[in-house]
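Here it is, the structure in full.
All chains are identified by letter, namely A, B and C, in their written order; residue positions are counted from 1 within each chain.
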Amino acid sequence: MQSIEQIRDLIVARFPGAEVTVIQNPGPAAQHSLLLGHAQARDIALFLRDEPSLKLDFCSNATGVDWPEKEIVETTKVKVAQPDGTEKLVEQKTKRLQPGYLEAVYHLYSMALKHGPVVIRLRTGNRTDAVSLPSLTPVWRSCEFQEREIFDLFGIVFEGHPDLRRILMWDEFKDHPMRKDYVEPDDYEWEPTPHDAVLTKAKGHYPAPGSTANAEGGM
Amino acid sequence: MLGSGIIKGLAVTAKNFVGSFHDPERLPTVEYPEKRLTLPEAYRSFPFLVFDGENAIDGLRCVACKMCENECPPQCIYIIPERDEKGRPVKKPKVFDIDLSVCMGCQICVEVCPFDSIKMDQVFEVAATNRFEGLIAHREMLAKSNTYYHQIRPTEAAEVDTRLAEEKRLAEEKAKAAAAAKAAAAAKAAAAPKPVATTAPASATAPAAAPASPAKPAVAAPSPSPSSSSSAAAPMAAAPKPPATTP
Amino acid sequence: MQNEPTSSAPGLAGTPANSSFDILHSPLGSPQQGASVREVNDPFHGDLLEVSMGPHHPSTHGVFRMVATLDGEIIVKLKPVFGYLHRNHEKLGENTTYLASMPYTDRLDYLAGMTNNWAYALAVEKLSGQVATERAEYVRVIVGEMMRIVNHCCLVGFLFNDLGTSFTPLLYAFREREKFLDLFEELTGTRMMYNYQRFGGCRVDPTPEWLAKAKALIDGFPRFLDEYEQFLTGNEIMLARTQGVGRLSPELAINAGITGPVLRATGVGYDIRKVDGYGVYPRFDFRVPIGDHGDTYDRYMMRILEMRESVKILQQAFRDLPAGPIIDPKAKNRGLRPKAGEAYGRIEGPKGEIGFYLISDGSTNPYRYRVRPPSFINLTVLEDMCLGHSVADAVVILGSIDIVLGEVDR
């Protein structure tokens, strides 16, 4: 199978001007991935599926990843002129807000040529209002349920998905539980546990449990 | 011939039906609870704490290091270490609770325990009348003697005992060497010799709860060997291991 | 006719006009065809009926619901509904350490815990660059193939239960399965929740007695299969109920990401044991059974033939099992902190491709922990396979896909 750079070159040759970036995977698995722009993502996916030298006809795994906003603190040493005329090295901290985004990751294999995986990724603009991505279900039907799951658990809206509903959570559910900042609802039910955190939470809902045997442990 | 497949199939059922009267291969059920199968030695249900000697609480091998509490996947273990009058931690658990309604018997606590103090039990008939407190096992309920451990897992317990004895021996040797070195240093300094229990810190590092120094009769824990430790009835092990009866 | 189902092809609504993006549906079971089973001017043409089968229905193998729209007996639309057993397994995995996720993987596909363990161990080994010892790889093959037999025994038994043969075939299969579970209990301590694999090897080493017992059981297993096949495979009722029922075309199967015996029943020879050659599988001589028609009968036969192939693999594994450590002495399990990066590891589970996708940010917990559940994805084509068939057939088709709700819902 071609390397990920060769695949990128194939795509760029077929779609001049397409946004394709290679994302390196520093881990020992070395499964590098291609980041696709939204505009031509579906065409590129179709090309990957049908191109005779690739024939990635099997989309094995589709999943979401949540990358929340991150505050990155960079320390740089700056020379500051002192009042007495000397210069002094001063550490200067600059805070930079790395914008958050949601990501959909697809693992592609070829059943015809028996190679893979080729990993492709799509990223949303942010985590609040620009959360839509083109759906790849029309290219690989195996994404049908998996994209529904991503929509359900991460909140990525797939444009062009035939039946985008919640799949694991119930329809009335509001939040997206797999997001990193998800706060579980405060519907705690008392259970027999000797753990502090749970018992503290329980206090807000119930009078102190009438457990005598547990009193020592619950302190 | 149409129907031959069905007739062939019925012949198999007939064979099994007749066979079940004299072939134990074809009758694999057991009339529980009158008859019971032998449990394999590796069988595991819930964790328990091993103690050496007579006293269940004093003999606990557990030093309240909280390693199992941290590693437990469903977080069902809860430990408070004992403290002496001055508030310093003693290497004993004051509270050791396991929530059996949460425990999934994965035995990761056993794997991570460096002191061989928590082991998997084989009691599977754990019914309680109370849904809440009834299923929280406390320190007293969890403590079971080394003899019991030998009863349910002879091979593994023997291995553990050998290992502990070896570690204890090494610790004692080390302590002796340290004491000798200290004595030598003391003699060299020609100061007033004060051969107090210099073994004490070394014994604290010994994994076994049994004190390394025999000059300390306060906690009379014999060396953890199956012959010397007497059988103290463990609270949860009311029913001894049933004899093996297979049909 | 207002009753006639509109061209509510499950979802051509949102697709773009470009015809190359038409969602692939089975030609045998497109919704339009399902609707035309009866003449519209049939005097007895009644209303369409929406039936909710499940979640508490014995034939759905757990808390699974099928919302079927019926035209008489015939299914014209079917929507699977699940999530009743959802416990956000993936979030649990992100909140625990790498090792602590291992016992949870047993609870995904609880009929085949060992292969879940294996897939997870493989993914973490890929992520952290560890390698299992050779003996451990053989033991993994042994327990993994035994697990496949156990799973297929379960499936075949339940399939006949769904066909209406009340319990006899199921109990014969369970009798055999129980012998395997006893062996697993002896090795790992439990019948189903093994927690056996570790990163870099396995937890305990099988004793020679255990291996001898397992070998004896495997050697006797083909006799059971012969008897079982004599009992069922030629049965005329079974043939009438399964042949031609729930056909799946290879094109749709590939496009919909179907894996495992369901895929191979359509005639696509894709077995990850052969394709990836993970572990020591390339050293074994075995064949991959491939079906012809993609119907329920082929899916049943796939399982029977795979069990026979598993026996072959197991006999070779017992023969070649090398001595050595069961786990790499330098293996890091507790407090594992893999380098930042990601890895996708997959194996051929009994139900299909079970994979784990892990992203590490260098801490003790995975940043992202994703399970690729085979039976969840195999359900994608349930509607396509059921259209045009009766309700009773839908039960059999669902049974032949082999789903476990612990894995579907996670």
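We adopt the following convention: a contact is a pair of C-beta atoms (placed from the backbone, for glycine too) under 8 Å apart; a residue touches a chain by one contact, two chains touch by 3 or more.
Just so you know, these numbers come straight off a predicted model, no measurement behind them.
Nearest to the common centre of all protein CA atoms is the CA centroid of chain C. Looking at B-C and A-C side by side, the one with more C-beta contacts is A-C. Computed from the mean C-alpha positions, the centre of subunit A lies at a distance of 43 Å from the centre of subunit B. Per-chain Cα centroids separate subunit B from subunit C by 37 Å. If you average the CA atoms of subunit A and of subunit C, the two centres end up 26 Å from each other.
Multi-chain contact residues of subunit B (touching two or more other chains) are absent. Looking at subunit A, no residue sits in touch with two or more other chains. Listing the residues of subunit A that touch subunit C in their complex gives 25-29, 31, 42, 46, 57-61, 63, 65, 105, 107, 111, 114, 117, 119, 135, 137-146, 153, 159-164, 166-170, 177-178.
Touching subunit A in their complex are the following residues of subunit C: 10-16, 20-24, 82-83, 86, 88, 90-91, 126-129, 252, 254-259, 268, 270, 275, 338-344, 346, 353, 355, 357, 359-360, 367-368, 370, 372, 376-377, 379-381, 409-410.
Per the touch definition, subunit C reaches subunit B in the complex via residues 96-97, 99-104, 168, 172, 175, 178, 182, 185-190, 193, 195, 203-204, 227, 230-239, 334.
Partner subunit C is touched in their complex by these residues of subunit B: 2-6, 8-9, 11-13, 16, 26, 28, 40-44, 71-73, 104-108, 111-112, 120.
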